[in-house]
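Paired with chain B in one complex and with chain C in the other, chain A is shared by the two complexes that follow.
Here is the complex of A and B:
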């Protein structure tokens, strides 16, 4: 059985559904979203919900600032509380190199209109009184950063696009993408063929596999990242606390649980979403180093998701040179949720041939061909 | 304070430990060594244990075996302690924390580095299935470690004061508590390393368990794991079903038969399967009034002999009845029940109010196998076995190599089958570790014949059908 669609979006996560949402909002609903598992089953439903604007690269700061504004209005737009808590991000520096880098970051961020403050360890302790600052050299704090509840956002988009007439097909796996010359002609799935000339690759950790089906090579590599949740407590922690040095981040959810993760520098490339003993032990120890009272706290669950990582830790957005209607929306390197609103909007504009509301040419996959890359350093985990 | 402890009982003798005292929210409370914090508080008349998070409704304890989290309190400054599995100690400071505890202020001493060991077999759960598996494996020379959250092992057998049925097994006619003691004695004799009061945290590849003991984190690298984690009680949806005083039948049995504490004065029993009928009779033995047993089906579900005992004592068993709501604000003060028609719809004009302070829910169990699932085992929904169960081989190995399952966590049946499945897994592990022998093969054949025998009766038809649906080499492959 063969059918037709104006556009096929591969991936039922925040970026796939967010793009479908922006398309539908513009009245373009001839869209099918394909998800090989269930909506929000990938990294979109496995991350810590952090929304941070404190980045080192101009591109990411711009994307995050614009996205934060869009998140601020999202509850009203989708008609449901997204639990966006702007308790700030407290970024801790543990050595002189970090202090130096943070000074530069803050200068750049302030120049771009972001109100980040460079704070002393003592001031950091005022923000989080339980914090052990014995090894903290300095910190940066931005009060409009925060956390959002990822499931509410993704399911909010899913509900909205369905209401507008977009079809979401769960448990439907893409098996091939048919290409004739420089045009896509169809997407093959385990449930049938959909004829289309426009495809959005928002498959997260699987995006390089999807690209390869159309004969396109992406530099993205999937890496496991692990995360956990503790028992709930009465509210005590306002900001998300992070350290690039330790690769750790943690915050308190609206429901009182501490949600946080830590990256394993020895993690091997590959699709692996199992939990490790390394994480259990390292996360517990590091949390106790940061806030010693964590010794009396139990972890409730641990789980894992995939970072879809690029060489410069920046996303790949927009069409590829070989196929001009094969849009990439991947390679987010662990921060795909927080920049999703604006890149989804721009992707929808590109698909509809409109003038993009933000210039994102620098994020094209072509940047990897010999160009100087602007490395993003402020990656946690 | 009142004292709900049973002093005289026709069947049971409660050997209480010495008297101790602890602090509950500034008040001195009397307890006996061997009681859990929750049991001691309940014996002293405490009904409200926690509060719901959003609406601040009062919550009592429900399961009494560490599975439902309705009893968590702050103990000696540590939040989120499950008081129903934590033994009470002299001088403890216990307080409730309402909907959510404060983040701790004190910093407790650091725990030692995690202890890592290499062992042959880890068994999770010290009920009839787990103990039986451990015994066979240890008797044949395996280094076996058995973990259980409770301080007493023996699983749910320890609260079963009735005699078992069964036509051909040596266990028939034995009370559950005696069976538990026999199994424990045998396990110790066989050299099983028992780890009471430990919580298994999770499975890690390959065949590694993280365990929390009183000394901190312990890590066991194994050659085989047996999950025998039993079951969780089913709940019923009705108005006010979260009021303190509404307890699972297992919770009531734990209080009454393990700790010698009565759950209340007047009990409405919901469900007339064997559990409902037996617990109803045990309540009478403990001097508690059972006002009525209600059953939604047109016939009572358990054995005639259990029903007759209750009826002889004057307890009405009302079939085609269900509960509409519980009455009371801070605790149960009564219930509204009504008749159901053939289409399970309420019959108008049949509502009546009953006075009771406990509503005991005995509407079946579902397998507790989140561990097996976490280990990555393929699961299947099998209604006949009470819910999701792992797909397994005839030897009870799951789809994860070296990970076995036995007893109720593999599917709801009863204790004799659980013990036999445990033995079967024990044999399979011995074969895995040391190779097969005539003795082991013969033993396996006997055990399989025994299980088949147990499933031959009229009550065996249901699980027999269920097991077929999830056993490889039979229908699934």
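Here is the complex of A and C:
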């Protein structure tokens, strides 16, 4: 038996459901969202909830600034408190190269209208008095960055799209994408076939597998990133604290827990969501070095998720040259949640043939054919 | 009568039934919705109770229900101990 849909979205995470949400809001509800596990089971439910605008590349700054504005209105829009706390992001520099790069980043961000401050180690300590600044060379701080509670956002979108008539099918795995010439004709799943000419690939760490089903090669590679949460305790930490040098990030949630992660530079490419002892020890040592009082805090739980990584650490948005209705919405390289609002809106506009409200041509997959890449350096975790 | 199911996050049976009626009919999404199993007991108290409620509501046997992914460590450990402090 086969059925029809105007568009099929692959991936029940923040980007897939956010796009379905923007389509539905414009009155387009002939959409089926396919999720091989349950809603929010992938990176959207495994990340630290950071919303940061302090990037080194123009595109990421632009996407994050616009998305932050949209997150500010999201609680009201979805009718539930998303726990968006704008406590700022404190980005620490530990060597002269970083200081030099941060100076450039701040100059670019300020030029683009983002009021990031370049601060001294002493000023950083004023923002987080418990911080060990003995090795800190400088820092940048932006007060409108913050954190959001990812489950609330994704569940909020899921609820909203269902109410508007979009169908979300969980435990439904895409097995093939049928293509005739330069058109998609159907999406095959383990539960049946859906005829459609429009597909959104929002499958996160599985995006390159999905693209290959349609005969499209993406440069994306999945990498495991680990994360943990502590017991809750009295609020003391306003901003998210991060260091690219250490690959660490941590913040304190509304519930009082510290949530944070640290990247493993030796991590191997592949789909792996298991927890490791390396992470536990490295995270503990680094956290205690940053804030000595953390010694007596208990670690409660660790888990892992996937970064869907591109060569320039910037996302792939929009159609591919081979198939003009096969929309990519992936390759977010660890910052897919924070830029999701604007890219979801733009993807919905592209699908409906409207003029996109933001120019995202530079994020097309075609950029990898030339060598004109603007590398994003400010990746953490 | 109020039946407390998750003592760490203060979640009652009524709240669990409400979430199930809203479509959170599996243990993993229910956990993400209500934070059950994410508190200091790591789900040791509440998860078996929630499994039973879910089984009852979905007319299944408790032993046929999926279990949430176990997240290490099995009990809380201080960062000092993990970082290798000698005085712990």
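Following the convention adopted for this analysis, the second predicted complex is superposed on the first by the 380 of 381 C-alpha atoms of A that agree within 3 Å, B and C clash if a C-alpha of one lies under 4 Å from a C-alpha of the other, contacts with A are read in each partner's own complex, and residues count from 1 in each chain.
Criterion: a contact is a pair of C-beta atoms (placed from the backbone, for glycine too) under 8 Å apart; a residue touches a chain by one contact, two chains touch by 3 or more.
All figures in this text were calculated on a predicted structure; none of them were measured in a lab.
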| item | value |
| --- | --- |
| Clash or fit, chain B versus chain C on superposed chain A | clash |
| Contacts of A:155 with chain B and chain C, given as first, second, both or neither | second |
| Touched partner set for A:256, first chain B, second chain C, both or neither | first |
| First, second, both or neither for A:130, with chain B first and chain C second | first |
| Which superposed partner A:297 touches (first chain B, second chain C, both, neither) | both |
| Greater residue coverage of chain A in the superposed arrangement, chain B or chain C | C |
| Partner chain(s) touched by A:41 [first = chain B, second = chain C, both, neither] | second |
| Touched partner set for A:338, first chain B, second chain C, both or neither | neither |
| Chain B versus chain C as contact partner of A:287, first or second or both or neither | second |
| Touching partner for A:233 - first (chain B), second (chain C), both, neither | first |
| Listed stretches 37-45, 55-63 or 109-117 of chain B, narrowed to the one that overlaps chain C | 109-117 |
| Chain B and chain C footprints on chain A, overlapping residues | 231-232, 255, 275, 280-281, 284, 288, 295-299, 302 |
| Chain B partner contacts - residues on chain A that touch it in the complex | 130, 231-234, 236-237, 255-256, 274-277, 280-281, 284, 288, 292-293, 295-299, 302 |
| Of chain B, residues touching chain A in the complex | 53, 77-80, 100-108, 110-111, 114, 201-202, 204-205, 208, 210, 217, 219, 376 |
| Residues of chain C that touch chain A when the two form their complex | 22-23, 26, 28-29, 32-33, 35, 38, 40, 42, 69, 71-73, 76-80, 82-85 |
| Contact footprint of chain C on chain A as seen in their complex | 38-41, 45, 151, 155, 159, 162, 229-232, 255, 275, 280-281, 283-285, 287-288, 294-303 |
